[in-house]
Amino acid sequence: MNCIKFVDRMAQGRVARRDMIRAAAAFGVGVTAMPVHVRASDQITVFEWSGYDIPELMPGYAEKHGSPPDFAIFASEEEAFQKIRTGFKCDVMHPCTYSVYQFKDGGMTVPVDTSKLSNWPNVIPALQTAEGVVIEGAVHMVPTDWGNSSVIYRTDMVDPAFQHDESWGILFDETYAGKIAPSDGESNIEIAGLLIGLDRNQIFRMTDEQLEQVRPLLEKQAKIARFYWSDPSEFGQAMAAGEVVAAYAWNEAVKSLTEQGIPVKYANPKEGIFTWLCGLSALNTGEGDSAMVHDFIDAWISPEAGKFLIEEYGYGHSNKVAFEIASPESLAALGFSTDPSEMLADGILFQPLVGELNDKYVNFFNDIKANAAI
Amino acid sequence: MTSPAPIVRQDSRIQRFFLRHEWARGYALLSPTLAVMVLAMCLPVFMLAAHSFWTQNYLTIDETFTLANYEQALGWLWGAEGAKPIYIRLLWKSMQISFGVTVTTLILAYPFAYFLAFKVRRNKNLWIILISVPFLTSYLLRVFTWKIILGFNGVINSGLMSLGIISEPLEFLLYNPTAVLIVLAHAWAAFAILPIYVSLEKIDRSLLEAATDLGDGPFRRFWRITWPLSVPGVIASGLLVFIPTVGDYVTPKLVGGTEGIMIGNIIQSQFGKANNWPLGSALSIVMAIAITIVVLIFLYVMSLGRVRAK
Amino acid sequence: MATSDAIIKITSCSKHFGPVRAIDDVSFDIARGEFFSLLGASGCGKTTLLRLLAGFEQPTKGNIFIDGQGMAGVAPNHRPTNMVFQSYAIFPHLDVRRNIGYGLRDAGLSKKELDGKIDQMLELIKLPGFGSRAAHQLSGGQRQRIALARALIKRPKVLLLDEPLGALDKKLREEMQLELRALQRNVGITFVFVTHDQEEALTMSDRIAVISQGKVLQIDTPTSLYESPNCKEVAGFIGTMNFFDGTVKSMEEANAVVDAGPLGDVRTRPFAAKLPASGASITVAIRPEKINLNPSRPSASHNVIEGRMSAAAYLGDRSHYYVAVKGRNAPIAVAAQNVNAARSWLGGQDQPVWLSWREDSVILLDR
């Protein structure tokens, strides 16, 4: 979830220090991503994805509290989790339904009092009660943004037949050896699970035998992949150049590549499309004021923030009014159903990998990568 | 003032202790540095060592002593059940890459240091500043620059294509171990230049004239005088490059593609995604010990070589 | 002066470093087997001249011939010269044997022959048994000898030595001076020896070239240099000298009478070939040790002057006295051997004394 065309911009000499920190964060390098200014003790600290630290996504907050919150940037929830666990002080964090449990189990989240959120009544009802939003009867994550994960491909460079038979299989297809870019993560295991016919729940809790069944697929993928991406700008650049013809991607990529005039399409794979839902969690690890935390979250779920997210980033938003005020072209360009409840029902919602399961998946994928490298 | 003041002021016992023991004064002077060293270096290493004998239990750590992590990391060597060879193989491969990086870096750095020491007469400082200019930008930025150079439609490919030498972009430039080697060698070259430069600069010019005077031509003089006297700098540079690059994970991640992964990537993943600090710690320690062993063997061989030269 | 058997011929040689004329149009010969010294103040160009001979510098103008062969374009490693450096330049990574044998690697010697030669050298420099010492385990004097051995083992036609004794203490230096001289006689190699120490040059050399600001002032044997310097500068640089300005009054046969101001008329018997013309402005020079100190007016009719003792320095074997003379600011220096116990008649400050000297002690120099 990142809309920085980093390399492009660097080539144009427009990369600022801020962008460097973001990019660094994206590769797990800038784990020390520092708040931009010395912490004014009366501001809250928000731990965010890169690209989400802009005032347009929290309209009214800075006006009310004198300044935007202090931001720190992370690239993956695991990294953020480790950092908070080792003492990083922050008041708000931006997890997703599949990762929020870790924070909840780690005793870091505090339930949000939705009665203090003026925009809560306009939050799409299906999201208000989604699994991961409500945990053990309390709202631990206020839903904000949602979208898909699927295959993006170059229509001019992929066999035309594929357009009528879109499949995750393209990410494992030797025909495109050296021209595919999966993401650097365990989602590859889940996708391979879909390909060997496991059901959409089982792929998140595969047995050892099932893992062994997908091993050949993943080993093949490791051999034919150009690279595993960690930051969307990587495959964006490569796709624009024609170096990569198919990649794992979030919705936002379609919008930005199309705007560059690259003929790409966002697939609706026959095995199913992934859905993610993310939101804001209030944490007890910071020193900020709880009322300010609520104001911040409330600003994020406002219709104006939603309009911006839809129009500029191409993601869905949790406030239903946002869809009414967003421009029709941008809604069309989203390329997926604008009805979140339908989408949440149709798509394969990412499920948390917790504890041993996470270990198993991560080590299995490490194994695949290491074996390919040796 | 009731009692008469003593003529000689009596030092306190502590003062007398310090007066009498020079080592104590030394440590007292060192103590701030020592404290920082202990806190900043020993403590983390100690924590790492401790973790390597513990077990991760989802979010908690079981602090019962166990060797299981080491068995997982190294067990393949003695055929422990379920132990995988990947860690050892990857460590070995990382060392090979680092070794390649070290040799490449030295080959790049030596002529430059030589040039700087012997050929540049004016503005040496300017040159040294120029060498360090790349460090004013972030390492990441430099890696990205290499991506631009080596990339699919990067500088090299578009250059070759516009010259008509190739019709399709070369794909082997990026995303493989060679790319890792190139980027690392470039990144560390400046570090390698300085020790070599210092050792060359230290060579008394009259030694070179003496060698010439005794009949050596330029090449023979280089091998008999310049090279042996610069070997300490070369060794220092080599270690300076080899030791930190074995564990590097940023470069392989950015330009290594799927074949360029190194041990550092796996370790990082244990501390991050895999959330298995104990295994990550054990792997780190195995790596550190392996590097130490390799370095010691290297230094031992070097010292043998030098004894023989006498 | 064996110019007929010159091993080194320098013909109108100049070396400029930018605006600095380190060597300025120099020509002279050095004879085979000679111990030849280059003497001059710091910065006068001695090292530069030596480096021109060794080939480390190329002359800006002029030529150098060594043993009849022109040296233009001949690299240092191909010249029949070897050098002992001011800093000795002992190779720090090699032991004594390897240092000494360094230049013989290509001589086609067997290991045994090489070892024999090195042992011989160690013997010669009186350091037998030092062969396996590391370079850093040597004293200054030992380093100097090894540098010498390292150059000598090559049997060069000319050995160049750049202030090789400069770093040694006085006693060791004097010892080495004699040793070096003896060694040179033994091996029969031409030595070109740079020094800024005039005493050293006088003790050791067959001939000395006095250099100043890149020019050679005089080349002569030590005695001639001391007794008949050809200019004020040489006279002043070697030993101490009393100078007086004067005008030639008359020439009587080979003798001159010079009106030397405060000294009155000075009679001389100049042994220089060139006789000054009557009325010429001239400098009269007299060595301190050639002036006699008398308690009362001596009987001689000329070359006598009265003065007052202004200072005295007792140096053990001799004493230096400074005598003030009317009409002259600088006192006249007088040196006398303390053959007997110090002169008993000398009272001290301001005592009137009489100075006298022989006619043939006076040197006439151009002003």
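Lettered A, B and C in written order, each chain numbered from 1.
Going forward, a contact is a pair of C-beta atoms (placed from the backbone, for glycine too) under 8 Å apart; a residue touches a chain by one contact, two chains touch by 3 or more.
The model shown is predicted, which means the values in this text are computed figures rather than measured ones.
With contact taken as defined at the outset, there is no chain that touches chain A as well as chain B.
The highest number of C-beta contact pairs joins the chains A-B. Between the Cα centres of chain A and chain B there is a gap of 35 Å.
Chain A and chain C have Cα centroids separated by 89 Å.
Chain centres here are Cα averages; for chain B and chain C they lie 57 Å apart.
In chain B, no residue reaches two or more other chains under the touch definition.
Remark: chain B residues 56-59, 84, 86-87, 89-90, 93, 138, 140-141, 144-145, 147-148, 151-153, 169, 171, 175, 250, 253-254, 256-262, 265-266, 268-269, 271-276 touch chain A in the complex. Every residue of chain B that touches chain C in the complex is listed here, in rising order: 204, 206-207, 209-217, 224-225, 228-229, 309-310. By the touch rule above, chain A contacts chain B in their complex via residues 6-7, 10-11, 15, 20, 23-24, 27-29, 76, 78-79, 81-82, 85, 102, 105-106, 178, 184-186, 222-223, 225-228, 230, 237-238, 241-243, 354-356, 358-359, 362-363, 366-367, 369-374. Residues 54, 56, 75-77, 81-83, 85-87, 89, 91-93, 95, 102-103, 105-106, 134, 150-151, 154 of chain C touch chain B in their complex.
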